[in-house]
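Here chain A shows up in two complexes: once beside chain B, once beside chain C.
This part shows the complex of A and B:
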């Protein structure tokens, strides 16, 4: 009889929903039905059983075609490419678990690589602003239970985080927000009338790229000063009215997204958003949160900050210390300056999501893609290594957008012989140590876990 | 009627793009979801094109053929939107203002009718750019 597995985590967006239910076939190999997931999550759970999914590494041949090779050959190729390269770039990690990130970090340190995650082309500027100005944030549970004014600045959760509004930010009834949506004032700030803006009580359709001015206008009004009749294409009266709503709220929550970080101003837009949150706290309670894109993109920030002291753009090529300087050690800048001589793409698709000019640069050198599926990076790579899908075929710790760790479950068995990211990179690490005739260094806790897992199998 | 118009381009997520991406970037669904540019009907009128006409979008970084459609989420005149993905990234400038993040939103593009031009597939664009495109679909 098919088995219903509850409390499953969804490996898509930063909301990291952990209330998914999967109906699994008798043999535990196929997901028949998913419940509670959004259309995108649903697609992920069903796609794992797709017959076109690769289950063997593929290596590019001299004639340009791809040929299936064994995992041993893939491990060997990756280890040798990383040893040979002077400054390899290992990039990605939107879609893998913290165990995988930690394993890759060990490889990167040994290879003297630059270690970077997708935040580099996403919420990287938010990190810069947070370093400068602090991060007065909270958890999504607090948003659900307390927030009565919710601001969506340059983000569109109805499309990018489909269940965010129903689980946390607009609709749910919480401890102090017993009336749900009726009790919340929603403010959307977006140059388009997005599907999120349509749910808002106030929609500021600002002139694209003029976020800083509008934030500044809100701060000016809250400090009791006058503003011009129109700021960034928005009327003074409306700004004053919305600022009053914020001032009189019991708890103001500001969510910000790519509208702030992808456009002119970058980190300065986020910087002033944080200052606005601070100003609001002189009148009421207020908090701010980055709308992180992937279910575990907050993970590398946590794991690597603990390992190296920095969340992203970590240059380990110096050998003795980690160095972080976005603009210099960030992936796209490194690629555009042609500074890397090997590229490893893990759990993301740089091929589709980087500007094409940057891809042309990294493709001049060995290009390795580690990803469960066929994607643009895998189709231009010299080596594509399929791995198990975290959250579906592989358990592990992920960090939700509010930096709350969640243990994701394994729902079904992965294809036979296909390793997880962690297993693959542990093998690469071991091989690199063999090739360089050095002792592998497993930290004690990890060594212990490895010893016990070997005895189990 | 102008031969080409200059618009301000933004490239962001859409749920159609997310769903199609998880299905696979080589699927027809992904092609349909992402090989489009959303622009205001007034701008289409200025350009003298009907909706669902192929257009050439050119920026400082490159150019791409996509289909001009009426916005699924309202876009004011002067602004254009290509959903994030392969087609958008043909024109996204890689300059990062020293932050690591390319200019995904807020860069000028010119748009001109390209009625007889073909929209390339995702694979053709990416493999073609790195010189390993062998033809086919």
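This part shows the complex of A and C:
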């Protein structure tokens, strides 16, 4: 009999839905059916059983071809490359678990590497704003149970976070929001008429790149001052009306996305969004949240903050202290200045997401991709190491976009012999210690780890 | 592990009323024993003081708000982080140190156990991930309850048995230790941007008062017979004139008897009482009410307190008292983080500079110390800074210096910009009491261990207790005339043995130790109504699945579980 596993976490977007149900074959090796997931999530669960999936590391040969090698060889190659490099860069982590991030942090500290995550090219500007202005936020359940005005600024969850609106932000009926969507005023701020904008009660189709002015206009109105007839291409009357909606709301929620962080103004847009939230809290209750992209991209920000005090762009090359200075220690900037002499891509696809010029620079040096799948990074790499898929074949803690930790369970066994990110990097660490004849340093004693994470409680 | 003999030290062990006698302490494996064989490793403690591993009853060292502070404050690392010890992990941060630095620094000060003071249940896997990454020291965490929808609902109807079943479910699910209350009702009100400043202010929507929540949770705690009493951060924290609210809340414990099998005879722990001992009605006439509060605490045998001393540093305030952090942010206009947690609680984080040149900060500093000096029973008064709220935990030795030396206090007082105004508003000038090392050992070891119901493991040096032993470069018979030497000696132990392993030598870490996570496994009678309520709330109002809520065993790989069976 196939077995139905419930409460499964979805390893796709920052909504980190954990209500997926998977029908698993008798032998526990194949997912026959998924329920509740969005189309993209559904695809991830089925993709793991794809016959094209790599299950052996592949190493680039002198003639440019890729040849399958053993995991021992892959571990050895990675360890030696990291030891040899003066300033290796380990980047990625949107799609792995916190256990993996912790294992990589140990390796990075040992290697004197720079440790960075996809926030560097995504919500990095949000971090800069948070450093300056704080982050008055909440968990997504607060939005579901209380929010009656929801603002989507520069984000389009209907496409990027398909179940966000039904689980948390627009449609759900919560404790104090028993009428669901009927009880919520939705405000979309986007230069395009997105599918989220189409759902909104107010759509501000602002001039692209003029977000800061529009935020400023809202603040000005809320503070009782006059604004020009038109701001950022939006009419004064509509701005005043929406500002009044916010002021009179019981709970205003502001979600913001790449439309704030990657348009003119960048961190300044987020900074003023936070200031708007602070202002609103003098009138009513208000919270703000970054629409984080991947299911565990909030994870490295958490894990590395408790280990090094910084969420991203962490330069460990001094050996004695961590150093963070985005612009100096951020991945793309390091690559563009050609300061990196070894590149390890983990659980993301720098090949697809980085500027080509930056990739060309890191490609001059050993380039290692650790990823369950074939991706652009894996295809240009010198070594591709396939690993188990977190949330499907590997359990682990992940942080949802609201920084709520969710314990993702394992659904099926991974391909035989394929390690998790954590296991692979622990082996790399052990090998680095062997090669340099130093004592490995585990906290706490190894062997306890993950003893029962796959069992259900 | 093997045998260790700590020879000829001046032993201070209030658990056995030993005050500076020259004795040997024998260790076999992870326990203290009466004697060891001749092959034991000998540590020469001649001329040094030997005390049990210290116990911190209240610090914010792991979890979402601590990490929010780390994340949002890169400046807390800049020029403030020491170089890593060779072969050990990097140590970043000052007021909110990394988990590695937290473990190392506590061990260097001879601390064996630290209580994480506020765990939002929904975030408990995060708390345990951080505890997992904090080396050496044993830790436990207190889940917060006083603004929880279930708790307010049950207590409104006076359903103690149901409240107890729910509390037990949460403590088990979160691998928690006891019952923490933070701004009862006020944090729930904060979800709508409001607050409860007095104990009789009704909580919006829930139709219950803070006083009823406090009383109900005390009853729940004693019904369950948990090792620790309720641990309360009262309403109206940090407001001028709040000492009356404090006294009103403390009075709720009058006549209540402790019921447990852990040797605890108190029913309420009132935390960081410094923040709750304020007089005046504005910052202009702000003054100390330490004497009034401590007189009451002295008279009531069933209350313990910790001080929450201001250390005059730039630090990071963080508390589940969400409305307070918003209020504080309106005072200092620095950055502000907030996390409201669905159905359960909230938290806020704001950086703060306790500046010697500000009158109010000087008065706060004096109040914390006055409370320690007015305390008649050091077994019920513990030294803390509410780390990192009033200052970082690495200042404990500095507070001990101030408490042990009038000279040190007067020197600090004299260095203020508004010395005279601080003297006018406080009683610190002229208090000539100087605590003894014996009293300090009671306030940092024996006392907190007893209050936590852990005196069978921590806080003493009797045979059978855990082998947590600190050796410090202090001679109690001949204390240094320079008070700075007290701070120096206590900041970096000469030796610290944790669970039978030498983890510190000459103030440097020598071993990652054998860190344990302490949690309570409370068994109660099956309660179908409470389970139905829990399931329903997870279906309708939570955004996580109930099956993914309980903390995995793998996050606490080295557990020390305290079993409680209420039916038995």
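Some notes on this structure:
As a convention for this text, the second predicted complex is superposed on the first by the 445 of 457 C-alpha atoms of A that agree within 3 Å, B and C clash if a C-alpha of one lies under 4 Å from a C-alpha of the other, contacts with A are read in each partner's own complex, and residues count from 1 in each chain.
We adopt the following convention: contacts are C-beta pairs under 8 Å (C-beta built on N, C-alpha and C of every residue); 3 or more make two chains touch, one makes a residue touch a chain.
Just so we're clear, the structure is a prediction, and the values are computed from it rather than from any experiment.
In the superposition on chain A, contact of A:279 is made with neither chain B nor chain C. Of the two partner chains, chain C is the only one that A:321 touches; chain B does not reach it. When the two complexes are overlaid on their common chain A, residue A:373 makes contact with chain B while staying clear of chain C. Residue contacts after overlaying the shared chain place A:6 against chain C, while chain B stays out of touching range. Contact with chain C, but none with chain B, is seen for A:308 once the two complexes are overlaid on the shared chain. When both complexes are overlaid on chain A, the residue A:421 reaches neither chain B nor chain C. The residues of chain B lying in touch with chain A in their complex are 8, 10-15, 18-19, 21-26, 61-62, 71, 73-76, 79, 81, 84-86, 89-90, 92-94, 96-106, 122-123, 125-127, 129-130, 132, 134. Of all residues in chain A, only 6-7, 9, 18-19, 98, 102, 109, 127, 130-142, 144-146, 167-168, 174-175, 250-251, 278, 281, 284-285, 287, 301-303, 305-311, 316, 319-322, 324, 395, 397, 399, 403-409, 438-439, 441-445, 448-453, 456-457 touch chain C in the complex they form.
Residues 62, 64, 66-68, 70-74, 76-77, 81, 83-84, 87-90, 92-93, 96-100, 122-123, 125-126, 129-130, 132-133, 135, 191-193, 326, 329, 334-343, 346, 349-350, 512, 514-515, 540-548, 550-555, 557-558 of chain C are the ones that touch chain A when the two sit in their complex. Here chain A touches chain B in the complex through residues 12-13, 38-40, 43-44, 47, 50, 52, 64, 120-122, 124-125, 128, 156, 158-160, 162, 191-195, 197, 205, 208-209, 258-259, 261-264, 266-267, 293, 312-313, 326-327, 330-333, 335-336, 349, 351-360, 363, 373-376, 379-380, going by the rule given at the top.
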